[in-house]
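Heads up: the structure comes next, in structure tokens.
A, B and C label the chains in the order they appear, each numbered from 1.
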Amino acid sequence: MRFIFKTRYEQDIRLAKHGGHLFWYSCLGLVMLGAPWLVSEYWLAQLTFVLIYAVVGLGLMLLSGFTGLFSLGHAAFLGVGAYTQAAMTNAGVPFPIALVSAGAVSAAVGVVVGLPALRVKGIYLAIATLAFGFIVEEVFARWESVTGGNAGIHIKAPNLFGFKLDSDVSFYFACLVVSVLATLAVLNLLRSPTGRAFVAIRDSEVSAQSMGIHLARYKTLSFAISAALAGIGGALYAHKLQFISPDQFSLLQSIDLLLMIVIGGVGSVHGAFLGAIFLITMPQVIALGKDWLPTAIGQAPGLQGFVYGAVLIGFVLFEPLGLYGRWLKLRTYLQVFPFYRRGMFQRQKSYLKSDRLK
Amino acid sequence: MTDILLAVGDLSVRFGGVLAVNKVGFDVKRGEVFTLIGPNGAGKTTVFNLISRIYTPTSGTIAFEGDDLARHAPHEIAKLGIARTFQNIELFEHASVLQNLLIGRHTHRSTGLWGELLFTGKTRRAEVEAREKVERVIDLLALQHHREAIVASLPYGVRKVVELARALCTEPKLLLLDEPSSGLNVEETDDMAFWIDDIRHELGVTVLMVEHDMALVSKVSDRVLAMNQGEVLAMGTPREVQSHPGVIEAYLGRAADVAKLRRSAEVTT
Amino acid sequence: MQALQIVISGIAQGCIYGLIALGVVLIYKATETVSFVQGELMMLGGFIGLFAMSALGWPFWLAFASAVGAMALFGVALDRVVIRPILGQPAFSIVMLTIGIGYVARGAVTMIPGIGTETHTLAVPYKDQTWTAGALVLNVEQIVIIVATVLLSVVLFAVFRYSKLGIAMQAASQNQLAAYYMGIPVARLNGLVWGLAAAVAAVAGLLLAPITFVHANMGFVGLKAMPAAVVGGFGSLPGALVGGLVIGIVESLSGFYLPEGFKDVAPYVVVLIMLVVRPNGLFGEKLRKKV
């Protein structure tokens, strides 16, 4: 079992808490770098999608998991980023600039969507974000001059100052770079005053105010950063699919994103990645399992929705810490073997207390 | 620099039909420990909430170092140098004690958003410095054991100390303590008395507190203000206030009733 | 005259939204849980009615009663099995749970061979009838919706006004542990409320069936009940109905007078305006924690 003995403040601040951390994440890094030569083209594409969804998931995790602002319309930011990227790339803007603009435009929309957050809380905010999601989706469909309306638009390949990123491998590396930078940015944010301010707002607004945290500013900031990340993810999404249309950014997509962070594990950065892996591999698993089920069930169109719902219910009921929580338990089991007791992570029976008076 | 740190003048607040605080006025001198006492519902915590700008007064003024607090938003109060603890602990439950205390350092933040996203050297140094300052408070209140514990897992007595620590981390000039000894046992209350003394003498922080434990009040306070039903009853040294007839009546009842109680007690024993 | 007909059609639609919002607010008042599954409960009610009428051959009124009763039992069972274990968890988790239940219900119905993917008509006795009053031609289906909603509201009002149920519900939602200590059978109460909400949703589904037909995606109508509940103020039962009416009328009018596409977003624009103007809805109260 490992005991971390800290003798300097820097050790507390570091991202890699001990040598083992560094080792395993370096291994992961090497595997990710070597992926194009290790896995088939199909799985590389899936891996690219995992990275893209993870970036979006990081944004949503920051907003809902760390700041406690529940967003039911996050697909809107995905769409804003995607369409901005499409418009700019088709106009010939180089990839990095278009990407940054996609993030910036999404951040601006995020600020607007975050305005209700300054006045209302909890379910009211959730419904407000839901409303925004529907409105933005409709705007995508109606603003035909920019978005091509319901017919959708195609996107040219990303253009890195002359170097075209139109192969699967090169685009994979672009996504890898973006997702690593996004993860580092979020981790840095969380270990600095702004990240702590977000957590403070989540846990006790009154108390946060008395500590000098300007609620309106930090809530808006959280929305902006979260939307920017979703927008950047959306831009990459647009390039990967090479075709986007408004119905890809509907409520169902928003719920998929929420599903991702709940199953991944709310309130942890790992959760965004684990959730993204879940979201991308689940349809594959269902497709594989279909052959083993009786035809009536296996070939039924509603199967995917049914399984998603069942898994979500299962996680909320039995594993509220999500996949990351399950991983923590497994790791603890291995670390303290054979002294693991069943009650180590037991939740106390909780009673309902009014959320309105928070 | 005047001698008076906080000047409350004719303060009143009305919630619907209830006049929770009625023309309350007092001054808190720099470096003293000033206590508000009174039965439950007297309006003591409401006065605190008015100072912290959680509520807005209906009339009257609160001036901190000559600055009218009504001109400031709630989140600006900490930067002015006023920190507070809450009656029913308002800690950040899902964070560790260290995180809670570091959040207390928020007003001393010197980093900007981009510096934090990139975690520049300046941000790193600011973080180390914040941790050094926080460590001094941890030393003062002996919280070393609990540094990494998640607040939700801590017992009540420890949480109260963490709440005090968090308020101290803001490096305040004026510290508002709302019932610091409520829920604490005798030992913990003794510790609290020593800490309040230390805070006043070592850290030079002025303390304004609400308290029910008369022993603690007598031990640490310089001056006491007694309130009842939103109004001021008496003000003076602890001894003066405790022997004030109006105060005794508010707590125990009229002299005649007290005598009757005494007689019936004698009969039964 | 046409305007009046549009308004009435809006009122009828609004009654449906109001009924679903009523279920949402009921559950919120009792357990502070926001239920996103009311739409799917409505859909299930419609399908049970359909099943009773076409497969079992029962007359409409019997099918109606049995669908409502069956959904009430389903609501109680849902509460017992899925909701009760997680009360006390953060609101976010519980909302995700209800969304998950909705997915399961929708998926399960879609999987039913043959029936799941089709759109069905419910053979109500008053189908396609119209009622003429002078120059006004009214759709009987809409009249039935409005009348039924009014009756149901009166009954519910009486139940909550003249029984201790209302107070017990509020107590349980504000501090469950204290409610237990006071002898309130919180678990039974929650089951009752879920059963009631599910029954109301079933009524809405059966009333809506003649207009939108019975199909697996019927539940999405329920999404518009959320803005209705917010507009009315999320803790107020009459507010839910009023909110539903507001949304229904605005939607109907914008469908007719405004360009295409506005009809779908009208409820959401209304809710945003409401949150700016009156954040706590028309009848909601502003609650604040005492620190």
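Before moving on, here are some points about what is shown:
The rule is simple: contacts are C-beta pairs under 8 Å (C-beta built on N, C-alpha and C of every residue); 3 or more make two chains touch, one makes a residue touch a chain.
Just so it is clear, the model here is predicted, and its values are computed rather than measured.
Distance from chain A peaks, on a Cα-centroid basis, for B. With A-C and A-B as the two chain pairs, more C-beta contacts join A-C. With centres defined as mean CA coordinates, chain C is found 48 Å away from chain B.
Centre-to-centre separation between chain A and chain C, using Cα means, comes to 32 Å. Averaging C-alpha coordinates per chain places the centre of chain A 41 Å away from that of chain B.
Counting partners per residue, chain B has 54, 86, 90 as the residues that reach two or more other chains.
Residue positions of chain A touching 2 or more other chains, listed in rising order: 206. Across the assembly, chain C contributes 291 as residues in contact with two or more other chains.
On chain A, the positions that touch chain C within their shared complex are 64, 70, 116, 119-120, 122-124, 126-128, 130-132, 134-135, 138, 141-142, 206, 251, 255, 258-259, 262, 266, 296-297, 300-313, 316-317, 320, 349-358. Residues of chain C that touch chain A in their complex: 28, 31-32, 34, 82, 85-89, 91-97, 99-111, 113, 116-117, 172-177, 180, 216, 223, 226-227, 229-230, 234-235, 261, 264-265, 267-269, 271-272, 275-276, 279, 287-291.
The residues of chain A lying in touch with chain B in their complex are 9-10, 12-13, 185, 188-189, 191-197, 199-200, 202-204, 206-215, 221, 267. Within the complex formed with chain A, the residues of chain B that make contact are 52, 54, 73-79, 83-84, 86, 90-95, 98-99, 102-107, 109, 111, 113, 116-119, 123-124, 127-128, 131-132, 166, 170.
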